[in-house]
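Structure record follows, encoded as C-alpha cells.
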Amino acid sequence: MITRQRTNWLKMLFIWKGSVINKIIVQLIVIAVLSLITLYFKGKIYDYKVHLNPTIFTLIGLALAIFMGFCNTASYDRYWEGRKLWGALVIESRSLTRQVLTLINDPSPEGKKSKEDFIKMIAAFCWSLNYQLRNKSGTEHLSRLLSAEQVDYLRDKRHIPVIILDFIGEWVSKQAKKNHIDTIVLASIDNRLNQFSQIVGGCERISNTPLPFAYSVLLHRTVYFYCFWLPFGLVDSLGWMMPLIVLLISYTFIALDAIIQEIGEPFGEEENDLALNTICRTIEYSIFEQAQIPQEDYKPTNSYFVD
Amino acid sequence: MITRQRTNWLKMLFIWKGSVINKIIVQLIVIAVLSLITLYFKGKIYDYKVHLNPTIFTLIGLALAIFMGFCNTASYDRYWEGRKLWGALVIESRSLTRQVLTLINDPSPEGKKSKEDFIKMIAAFCWSLNYQLRNKSGTEHLSRLLSAEQVDYLRDKRHIPVIILDFIGEWVSKQAKKNHIDTIVLASIDNRLNQFSQIVGGCERISNTPLPFAYSVLLHRTVYFYCFWLPFGLVDSLGWMMPLIVLLISYTFIALDAIIQEIGEPFGEEENDLALNTICRTIEYSIFEQAQIPQEDYKPTNSYFVD
Amino acid sequence: MITRQRTNWLKMLFIWKGSVINKIIVQLIVIAVLSLITLYFKGKIYDYKVHLNPTIFTLIGLALAIFMGFCNTASYDRYWEGRKLWGALVIESRSLTRQVLTLINDPSPEGKKSKEDFIKMIAAFCWSLNYQLRNKSGTEHLSRLLSAEQVDYLRDKRHIPVIILDFIGEWVSKQAKKNHIDTIVLASIDNRLNQFSQIVGGCERISNTPLPFAYSVLLHRTVYFYCFWLPFGLVDSLGWMMPLIVLLISYTFIALDAIIQEIGEPFGEEENDLALNTICRTIEYSIFEQAQIPQEDYKPTNSYFVD
Amino acid sequence: MITRQRTNWLKMLFIWKGSVINKIIVQLIVIAVLSLITLYFKGKIYDYKVHLNPTIFTLIGLALAIFMGFCNTASYDRYWEGRKLWGALVIESRSLTRQVLTLINDPSPEGKKSKEDFIKMIAAFCWSLNYQLRNKSGTEHLSRLLSAEQVDYLRDKRHIPVIILDFIGEWVSKQAKKNHIDTIVLASIDNRLNQFSQIVGGCERISNTPLPFAYSVLLHRTVYFYCFWLPFGLVDSLGWMMPLIVLLISYTFIALDAIIQEIGEPFGEEENDLALNTICRTIEYSIFEQAQIPQEDYKPTNSYFVD
Amino acid sequence: MITRQRTNWLKMLFIWKGSVINKIIVQLIVIAVLSLITLYFKGKIYDYKVHLNPTIFTLIGLALAIFMGFCNTASYDRYWEGRKLWGALVIESRSLTRQVLTLINDPSPEGKKSKEDFIKMIAAFCWSLNYQLRNKSGTEHLSRLLSAEQVDYLRDKRHIPVIILDFIGEWVSKQAKKNHIDTIVLASIDNRLNQFSQIVGGCERISNTPLPFAYSVLLHRTVYFYCFWLPFGLVDSLGWMMPLIVLLISYTFIALDAIIQEIGEPFGEEENDLALNTICRTIEYSIFEQAQIPQEDYKPTNSYFVD
C-alpha cells in the first residue's frame, strides 16, 4: 500500500511512484506509435480512409461508462470489504485479549504464563491468515508464537487459521473445565471466536471468488478497442495535437483498467494492495502491549510503500 | 465459475472461453448480415431512405444507460449476495464444528462417534441445499453422509435442508438432555442453527424471486432495437468501416445483456455461476480436517471451469 | 409477480404479458397520434415553426437520467427490502418452529397438541400481516388457524399481527411458568419474537412511507414533457421514420415510469408486486411439514402470474 | 409528509400541492423575466453578443450530474435512515411492551398499574424525542404521560429522551430487585433499552451533522449559473420557444435542489419531511392497544398532508 | 465543521466562508491568467494553432465523470462512516452509563463515588480517541478525568484508548468479584465494551487506510489536464466570454477535487471535517447529566465553525 499523503497540486501532476504508469508503459508506447503512424498517413490504410468520427466514441463511451463504473465500484467494494475484515481482526483481537485478561480468574503464575501463550496464539492466528491469503507456507515463522507440538500438528494441514482457532477454542474450553470462567463468560468468549471464524471465511470468499471473468474480458476489450481506434477518430479534427490527446485519454482508461485489476485482489503484494504485514505487526504490538508481554520497540517505516 | 486469472493484456483481447460469445453468436451473425445488406443498399428500404442520425442513438443510449446500469448492478448484487450466503455457510459450518468439538463434554468413544455423525450431518446439510437450489433430487447421494433412516425419512419431503436442520437441532437437544451441555451453550449452538436457517431462507429468496420480469423485457427490447438500428444510423458517416463498428458496439451491449441474465441466477451451472459443488467440497474437507475424520486427499482441479 | 423465465431472445421482443404495455397503452396512442400530426404539419403550429433541435433533449435528458436513475433505484430498494422482510419471515418462522419442537420439553399429548396450536398461530401471524399490508380484513380467514376466542378478540383491533404476536408471547411465557423451558431458552425464543416484530415494523414502514411525493411529481412531469416534445425535435432530421422512433423512445421512458410506480409499492397485487399469498402458503406448508401436521399436498401453479 | 397517491397520469402533470413550486416560484419568475429580456435583445448585452453554444451546457451538465446525483442520493439516504430509525422505534416500543406484559411476573393490581405507567413512559420517550428533534420544549405536554416528579426532574435537562430512558431503566431494575424478573430477562430487556439509545443517537447524528456545507454551496452555485446562462445559450437555436424550454429545464433542476435541501433535514415540518407526530400517535395507539389501556378511537386524517 | 444553515438562494451564490475557494484560489488564478493569454493569442502557440474542439472534452469528461463520481462517493462514505462511529460512541457511552447506574447494586457512598470515577473514565476514553486520531498527545488533558496513577501508566503507551478500555474492563471485573453484579450483567456490560473496541478499530481503519493513492493521482491529473486545456478548446467558439466560462467550469471541478481530499480524511481539523471536540463535549455533558455529576453550564458556540 502506498501511504503517501497528497502533496502540492503541482507536484501531484508529475508523481511517478504510486501511479500505475510502470504497469502500463508498454501499452502506452504502442498507442503512441500507432498515433504517430496514423498522423503520418492521415488515417489511411493504403488508400482506404478509415472513417471514424468522434460521435462513434460517444456510443462506445456509453458502454465503457457502464462497464468501468460498475467494475470499479465492484473492485473497490472487494478492497474495502477486505480492509474491513482485517480491521475487524484488529478489533476482535483486542477484545478477546481484554476479555481473557479481565474475565478469566486465575492469578497464579502458571495462569499468567498460560494467558501469555493464549495471546501469542491470537497473534499466530493473524499471521497464519496472512500467509494463507498470500499463498505462503509460513509454518516455520509461526514457531515464534506457537508451541512445538502445535507447529508440528499444523504442518500438513490446508486450513491452518481454522485449526489454530480450534486450539484457541480448546484452551478456552479447558479454562471452563478448570472453573476459571463460568458458562456465560464461556459463551461470550466463544462468540468472539465465531467472529474470528467469520473473518477467515470472509477473506477466503474474496480471495477465492474473483469478479466474474466475463466482466473482466468485456471491460478489457472495450477499453482497448476504444483506445486503438481513437487515433483514427481524432486525426482529422485535431491535427498535430492528436497523439498527445490520444495518449492522455488512453492513459486514464488503461490506468483505471489496471487499477481495477489490482484493487480487485486486495490481498496481493502490489502497490495498491492491503498492507497485511503491517496490520499483523500492529495487532501483535497492540495485544502484547495490553498484556504487558515484553517486545521490541515499535519502529515506524519511513518508506511510502508498506506491504 | 471461470477461475482464470487475467493474463497478458494482448491475450485478453482474443480469449474465447469465459467470454460469453458462444451464447450470443447467433445474434451477432444476424446483426453482421444486416449490416452488410444495409451497406450494400446504402440504408435504403426499396426507395425509402431510413433517416437515422447518430444523435438519435444518444437519446436511446440514455435509456439504455439507465436500464443497463441498474439491471447490471441488481444482478451482480444477487450474485454477490448468493456468494456471501455460501461464504457464511463455510463460516458457520466451521464454527458449529468447533463448538461441538470443544464445548460438548463427552469423552467416551460413543461420544466421539456421535460427534462424527453430527459433522457429517452438517456436510449433508450443505450438499442438500446445493441440490435443492439446482433442482436435483440427490437424496441417494446423501446416503454417504446420513444414516439409512434419515435418508428414508427425507425421501418425499420438499424442504430437505430444513428437515436436516431439524435433525441437527434434535441431536443438540438430545445432548442437552444427556447433560453434556448446559442451557447457555445450548442457546449459543441454537443461535448457530438459526444462522443456517437464514442461509437457507436467503438462498431460496434469491432463487425464487427473479429480477422483476418487466425490467428484463424492457432492457432486452431496448438493447436489440438499439443494435438493429445502428447500421442504418451509421451507414452514411462511416462507410465501409460500419459493419465492424456496429459489430463491436453490438457485441458489448448484447454480451452485457447475456451476462446480466446469467449472473442474476447465481445458483445455476453456467460459466459465470457460483461453484456450489466446489464450495461444498471445501466445507466437507475443512470440517472433516477439524474433526480429524479420515478422508481422501484434496486434489485441486486444473481446469479453468469449476462447477 | 411474473415468474416467467427469459425465453429465446427473439420471442422476448414480442412478449405482451409481463411487459407493462397494458398500463401505458393510452399514453402511447396519444403520443403516436401527436407524432403523426406533427409529421403532417412538419412541426408547425399554424405558421409558427417549433424550433426544438435534438441538443435540447440532451439537456433535458440529463435531468431525466438523474431522476430516473434515482427513483428507479429507490423504488427497487423498497421492493427488495420488502422481499427481504418476507424472506426473513420464512426464515424466522422455521427457526421458531424448530426451537419449539426441539427445545420445549413436553412429551405429553396435550403438549403436542399445544405445539400444533402454536405453529398454527405462526401461520396466522403471516397471513394477518399479508392481509394488513393489502388492506383486507381477513379475520374470518384466520378462524382456520386460531381459536374462536382469539378470532373474537382480534375483531376490532387495528394492529392484528402485533396482537397475534402477543398471543405467541403469552404462550411462550406460559410454557416458562410450567417449567417446560428455562429462562435462557425463553430469552432466546423471545429474541425470535422481536425479529417478528421487526418484520411487521419494516413492512409498515415501507407501506406507510411512499417515495417522497415531490420526486414522483418531478419525474412524471419531466418524462411526459420530454416525450411530448420529442416529435417536434425530431421531425426535421428523421422524416417519415420519426413516429416510430418517438414511439420507441417514449415506450422505454413511460414504461420505466410505470414500473417505478408499481415496484415502489411492493405489497400490492399488480403484475410486478411481491407474491405474498404464495410466500404465506410456502411458510404454512414448510412449518406444517416440520411439525408433521397433516395438510393437503402442495400443488404448484402453472400460471406465469403468482399473487 | 404528503401521503397522496399517484393519480391519473394527466392530472399528475398539473398538481400544485406536493410539488415544490411554491418554494421556488420567485426564482422561476426571475428566470422567466431574464429569458424574455434575452429573447428581446437576441442575447446581446449592449453591443456585445454573449457567445454560449449548447455544447457548453454539456460540459457544465457533467459537473451538475455528478453533484446532483451525489447530493440527492446522500440527502435521500439521510431521509430514509431517519425513517428507518423511527420505524425501529415503532418496532422496539411494541417489543418492549410485549416483553413487559408477558415476561414480568406480577399479577397484582399494583403490578398492572405499574406496567401501565411503564408503557406510558415509552410513549413519553417517543414524544420527547420528537420534540427534541423539532427544537420544541414540550415538557408540559409530557405531563399527560409522566408523573409530576418526573416532569419536574426533566425541566432543566438538555437530553430529555436520555433521561426518560434512565427512568425506564430504573423501573426495570426495580422489578429485578422485587424478583419479578430474573437476570436473563433483565439483560434481554436492557438490550432493548440499548436499541432505544441507538435510535436517539442515530436521530441526533442526522440532526446535528448536515450534508457538508461545501457540497450545498457548490451544488447551489452550479445549478443557478447553469440556469441563468441557459437563455443566452439557447436564444439563437430555439427562437420564440426559448423561454418555455428554459423555464422547464430550470424548473427541474431548481426543484431538485429545493427537494434535496428539504429531504436532507428529514425531521423538520415541511411538506416532504417525516410525519413524526403521526408516527408518535401510531406508537401510542398501538402499545396502548396491546396493553388494553383505554384511549380515544383512532381517527385517520383526511388531509394529504400529515405532520 | 461548518454548521451554517442554507440561507436565501441569492446569498448562497456569494458566500465565501464554507466554500473551499480559499484552498484553490492559486489554481484558479493560474487558470484565469492562462485563459486571458490564450484569448489574446487566439489559441496559438507561436504559429501553431492548438486544435481542440469541444467534442474532445466530452471524451475526457467521460473519464472525469467515472473518477469523480467514484472518488466522491468513496470519500463521503469514509466521512459518513466516521460520523457513524462517533455517533455510536455517543450512544454506547450513554448506554454504558445507564447500565452502570441502574444495574450495579452498590448503594454505599463509596459505590456512588466509584461510579462517578467510572463515568469519568468513559469521558476520558472519548477524549483519548479524539487525541489519537488527531495525532495529539493529550495525556496531560486526561488528568482532569483519570487518577494520577492511571495517567502515569498511560504515558509511554501507543494505543491509549485501548488501554483505557482495559481500565474500564478491570473496574467492571472488580464489581463482579465484589458481587455487585452477576455474570449475566457482566457479559452484557462486556458486550458494550466490545462495541467501544469496535469504534476504536473502525476509526483507526479509516485513519490508517486512505483512498488508494492511484485513484487520487489519476483523478487529480484528469481534473487539471481538463481544466488547463479548456481555454484552447473553447477560445474559438465562445470569444470574450471564454475566460469566465472556463473559470466557472474549472471552479466546480477543482473545488470538488479539494472537497474530496478534505472529506476523505474526516478526522482532521479542516472546515469540512468532523467536529470531534464538540462531540466529545456533548458526550461528557450528557453522561455527567445522567449521573448528576456537577459540571459547568453548557454554552453553545455562536460561530459557524465547530472543531
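Residue numbering begins at 1 within each chain, and the chains themselves are lettered A, B, C, D and E in the order written.
The definition used in the following text is that a contact is a pair of C-beta atoms (placed from the backbone, for glycine too) under 8 Å apart; a residue touches a chain by one contact, two chains touch by 3 or more.
Source: prediction; values computed, not measured.
Visitor: What is the touch distance from subunit B to subunit D, in steps?
Guide: So the least number of steps between the two chains is 2.
Visitor: Let me have the rounded angstrom distance from the C-alpha centre of subunit A over to the C-alpha centre of subunit B, please.
Guide: The computed centroid separation for subunit A versus subunit B comes out at 24 Å.
Visitor: So the centre of each chain is just the mean of its C-alpha atoms; given that, what is the distance between subunit A and subunit C in Å?
Guide: 39
Visitor: Counting only residues that touch at least 2 other chains, which ones in subunit C make the list?
Guide: 55, 58, 65, 69, 184, 187, in rising order.
Visitor: Could you give the sequence of chains met when travelling the ring from subunit A by way of subunit B?
Guide: Listed round the ring from subunit A, with subunit B adjacent next, the chains are A, B, C, D, E.
Visitor: Using the touch definition up top, name the residues of subunit B that touch subunit C in the complex.
Guide: Result: residues 27, 48-53, 55-56, 58-60, 62-63, 65-67, 69-70, 74, 157-159, 162-163, 165-166, 169-170, 172-173, 183-184, 186-187, 190-191, 193-194, 197-198, 200-202, 204-205, 209-210, 212-218, 220-222, 224-225, 261 of subunit B touch subunit C.
Visitor: Going by the contact rule at the top, pick out the subunit B residues touching subunit A in the complex.
Guide: So the residues of subunit B in touch with subunit A come to 1-4, 6, 9, 12-13, 15, 18-20, 54-55, 57-58, 61, 64-65, 68-69, 72-73, 76, 79, 83-84, 87-88, 90-92, 94-95, 98-99, 101-103, 105, 182, 184-185, 187-188, 192, 234, 237-241, 245, 248-249, 252-253, 255-256, 259, 262-263, 271-272, 274, 285-286, 289-290, 298.
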